[in-house]
Amino acid sequence: MTLRIGIIGCGGIGQEHARRLHFKLAGAQVVAINDINLAAATQFSEMSGIQARVLDSHQAVIDAPDVDALVVASWGPAHEEQVLACIKAGKPVFCEKPLAVTAEGARRIVDAEVQAGKKLVQVGFMRRYDAGYRALKATLDAGTVGDALLVHAAHRNPAVPEMYVGDMSITDTFIHEIDVFRWLLNDDYVSVQVIEGRKTRNAHAGLHDPITVLLETRQGIRIDTEIYVACRFGYDIQCHVVGETGVASLPEPMSVPLRSNARQGSGILMDWKLRFIDSYDVELQDWIEATVRGEVNGPDAWDGYVASVTAEACIEARKTKQILPIALPERPAFYARQG
Amino acid sequence: MTLRIGIIGCGGIGQEHARRLHFKLAGAQVVAINDINLAAATQFSEMSGIQARVLDSHQAVIDAPDVDALVVASWGPAHEEQVLACIKAGKPVFCEKPLAVTAEGARRIVDAEVQAGKKLVQVGFMRRYDAGYRALKATLDAGTVGDALLVHAAHRNPAVPEMYVGDMSITDTFIHEIDVFRWLLNDDYVSVQVIEGRKTRNAHAGLHDPITVLLETRQGIRIDTEIYVACRFGYDIQCHVVGETGVASLPEPMSVPLRSNARQGSGILMDWKLRFIDSYDVELQDWIEATVRGEVNGPDAWDGYVASVTAEACIEARKTKQILPIALPERPAFYARQG
Amino acid sequence: MTLRIGIIGCGGIGQEHARRLHFKLAGAQVVAINDINLAAATQFSEMSGIQARVLDSHQAVIDAPDVDALVVASWGPAHEEQVLACIKAGKPVFCEKPLAVTAEGARRIVDAEVQAGKKLVQVGFMRRYDAGYRALKATLDAGTVGDALLVHAAHRNPAVPEMYVGDMSITDTFIHEIDVFRWLLNDDYVSVQVIEGRKTRNAHAGLHDPITVLLETRQGIRIDTEIYVACRFGYDIQCHVVGETGVASLPEPMSVPLRSNARQGSGILMDWKLRFIDSYDVELQDWIEATVRGEVNGPDAWDGYVASVTAEACIEARKTKQILPIALPERPAFYARQG
Amino acid sequence: MTLRIGIIGCGGIGQEHARRLHFKLAGAQVVAINDINLAAATQFSEMSGIQARVLDSHQAVIDAPDVDALVVASWGPAHEEQVLACIKAGKPVFCEKPLAVTAEGARRIVDAEVQAGKKLVQVGFMRRYDAGYRALKATLDAGTVGDALLVHAAHRNPAVPEMYVGDMSITDTFIHEIDVFRWLLNDDYVSVQVIEGRKTRNAHAGLHDPITVLLETRQGIRIDTEIYVACRFGYDIQCHVVGETGVASLPEPMSVPLRSNARQGSGILMDWKLRFIDSYDVELQDWIEATVRGEVNGPDAWDGYVASVTAEACIEARKTKQILPIALPERPAFYARQG
């Protein structure tokens, strides 16, 4: 069976997902698309060779009888309304980050889905599909280093544009760690502290960089994450889990070992787009297959909601310079963890 | 356009390729299959869900009007006849190693293809599609370490079954290096020497292990390869290219870095099947797409022929303990190197 | 000129230093010793072959006319009185950690030395003499990674005895980091926070393990150190300095790279005594030579005092779970940093 | 007891050894020196602060009643005569490489020493005292990788001066591997082959570079060594021993791990003098102590002779392009291997 997909939002990531689903992955076909810029959507549909119907509203795509499932890749503020419409229509939807721009909005999606009585929503946290994180999780789950006690992490970017300011190091950058550590540790957060230390001269005026975020989990695991987006030297994602009997780390991306110019070593990526590009394929292939089976297998609406709540707590902790609790309602049975 | 494929030979690798083509990759469908054991072919076709027609001869599969291209995965001695039949039928064919069991047989395929006037044959040397070798080749082609002068390589296997004897370390194991180094270096071999040194007690009676093969190329590059198939510790493929300004190496497969039990490091694969499993996907996806375009993009019949000639020279050099020339006819223009 | 040395305290470290000074290093001779257990001192003097005079009080050793310089290796509570006596006698003294058991006591030594008008005291912080830390400091001082912004560190021990309890993770373990980071960064501390996270089941009842200490320096550098003394897997000292353009790390101790048993990697020390053993030689050789020149070249009384003040602040921060300021008086010009 | 030493030859290495023995190591004193350039010897004796007597012939140094032992650091062609004179005088002698410039000359030293009936001669093969090789040997001797089967080695130098020509890659460079592999493997050589492959454009006209030397040992171990002295990128010594159950490698020299400029890794030395500089200290300290005990503990005259025989066979094998036997007489019981 081929899953027939409607795309809502044809900007950069929407176009990439459309091509991936239609040409690269198995079992899916893009049949309808919409974008706020209809002309752009039409051009994309033709130039890409996808030749999907271009419909004049996201609702028209959702309602199209030959659309089995939706991909929401519009801009963030539109996500909530579009995802709610998918739920209302009873159609599975893959929504890019963020699920909603506020925790409250994400909560409304959770509530609507629970009320609909069927899991339909997956959120685009692709790191869970990265081969490195998966290998790390398998190692942890196998008990190779015993129970986790501490996590030391870093999210480093060589540079960010001028428009990247204020709390974007939380909402655009750290949001990935927020989701992936919960998944990696099978745990949730209970408190957060944010430390602004010495600022690099390489960060522009609107940005305090680097910062350190300290999270505490229900099990008492302490996670420190360096967020450093003007580090200059590379896009560098580090994650070291300290357990009762050892330390397990996220593998470095594959790179050719070199001995040259009085140095030995290997390259670090400069372009963040390359770091997790393979995980998008795995994520969407998995989504296609789960959707055909009538399941949601990946990060769900609850995960999207928890990420929003946590990010908001981080921002507040940063502002107040306090150690703040993260108050989460109990996870509904509806969203019970798999596996 | 979907490429409709006929499978000849449904043993282990044939079944894997059939599933891969039919379910995992984009743009292909398995429509007909044959195996010397028809009952097994029928069972596979049904159990796998592929539901292809089972035909009672390889010729019937080749001749089927809805079969656009063939995959030959029968046992080695049958390859020559089957590939020749594909050429005769004017249909593209992907043939698993070896192209033929003798250099003479491979030569007949080359001659037939040249006479047919169109490249149709690809040989299953999957290492050229491995991400590590590709990254290494890109590094060499970029001139990062200057012109290659020496290659130090190793092909290590933890253990081999009792049936693995005599020259199988050449024909079954080293054959991969024979192909991949030519491709990596854009070069051909001119001489070979084989050294049988101290034998490990872990090798069974019928096998001298390890051995070292020394190859010389037209450009004068010297390649030493350790072949050690009872090494016990892991499936371990090493390749270090020494150039005029540095050394570039094949990356290690991804593995979780661990600190535990008084050791730091990471795992080495024990199962050879896992080492190049991803490269099969890349290889066949590339073959599908090139075939649809009417091209042969990968290792061709000439490459299969050269591998056979080289392997035979290795065996002779081993027997005679001499440094032997490898006499290759000039590469026909028909088989000009791409890129 | 040979430096004639008196040893005060002949327990484990005292005996090691005596042998090192007398037999292994150049330019020194042990001529007199004392220990609270005179019989043990006598036995050591004879058995070791040093054949030094055994005197019946530390004061007698200090006063001996042929003793040019002293090594204090008695138990901690005795250090203050003995070092003060050396200062009073105008003789150079190398005092093992701690300089005194309270910051107040260390302060009295500082005051006495300033009043005496001549630097005489060196404290046994041997990490400053470790080849790895020295290489790291040289890299930082050369500006290779730009100005330091963050330090991520770990002090891991496989296990500690039952007698290691309470705040010993500060006073006996972290004390080394307290000294070495000040030196590495040419900086001082202004605040501290201590986090007790999830406790390992491998720590005994009297010990909360691991803990994390967060230090802030005058320059705003943030240092996080994991102290984990029941980590099981090895004695593992980590230090990663994140700068404006890169990250520089403490080298791992030399270890033979191995490929065996499905793993590649190298050993981690299990015995902390081996990790810095070479640095004792470098430290004392440097002390001999500086002493002969009439200088104090290594960690001085001020450094010992600052370490005590910082350790006390850590303990208070741990107890109160607050971020506490570290109040240091201005560094007297008398103790101006070298080079 | 202090060993009183006479130095014969005060060029670069002679001066270094004199300072090392006199100022840095324990238990030795340089009391007399000679050089073919007496003025230079006098100047060195004064400027260095050693203030040894400058005698007008090597024989005068050997005969001086207060000279207990000799260090021969003159130019190679003088070694044989000077070492023979030491043997005749019954005095221990440490002779820098080579023991003699021909195997025949080395043999005369062996014969003289056997006739004298007492081991007196040590040859300056310092690699046996390198911490890395020692750790590797300990790993092999412990059986960690089982019996050795193969050794893959490399001796790389960034560049060599114009005067370095012809067979100096054997006599000046590979000579170190010749000695150290015998020691590492507790074995001797039985055959040699030399391969001149593709020449780097970075080597000057008088030098074929790189070359590969293949040695076979009595136990059948096969050793391949790349000698590449215009490799540009660094002074890089590699040694990988492949055993029955694993591979053990020579550790890389300590270097600060860096992440910067889109690369991670660490430095490779450019100056060969730094690579084994610590091993000179260990070597001479060991020699002092063994000499005081009346022993020769390090590489002896037999080792020097075997190195000469092997080097001559390498040169002949290179010239003839043949696999040549290395004919060694049986090791005399007088030179039985220690431990």
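Structural remarks
Just so it is clear, A, B, C and D label the chains in written order, and each chain counts residues from 1 on its own.
Keep in mind that, in the parts below, a residue touches a chain if its C-beta (ideal position, glycine included) is under 8 Å from a C-beta of that chain, and two chains touch if they have at least 3 such contacts.
Because the structure is predicted, anything quoted here is derived from the model rather than measured.
With contact taken as defined at the outset, subunit A and subunit B are each touched by C, D.
Looking at A-D and C-D side by side, the one with more C-beta contacts is C-D. If you average the Cα atoms of subunit A and of subunit C, the two centres end up 46 Å apart.
Rounded to whole angstrom, the centroid-to-centroid distance between subunit A and subunit D, based on C-alpha atoms, equals 59 Å.
With centres set at the average Cα position, the gap from subunit C to subunit D is 38 Å. Multi-chain contact residues of subunit D (touching two or more other chains): 232-233, 245-247, 258-261, 266.
Remark: subunit A residues 158, 233-234, 236, 252, 258-270 touch subunit D in the complex.
For subunit D in complex with subunit B, the residues that touch the partner chain are 146-150, 152, 195, 197-202, 210, 212, 214, 216, 219-222, 224, 226, 228, 231-233, 242, 244-247.
Interface residues of subunit B facing subunit A in the complex, by the touch rule stated above, are 23-26, 131-132, 135-136, 138-139, 144-145, 245-251, 254-261, 266.
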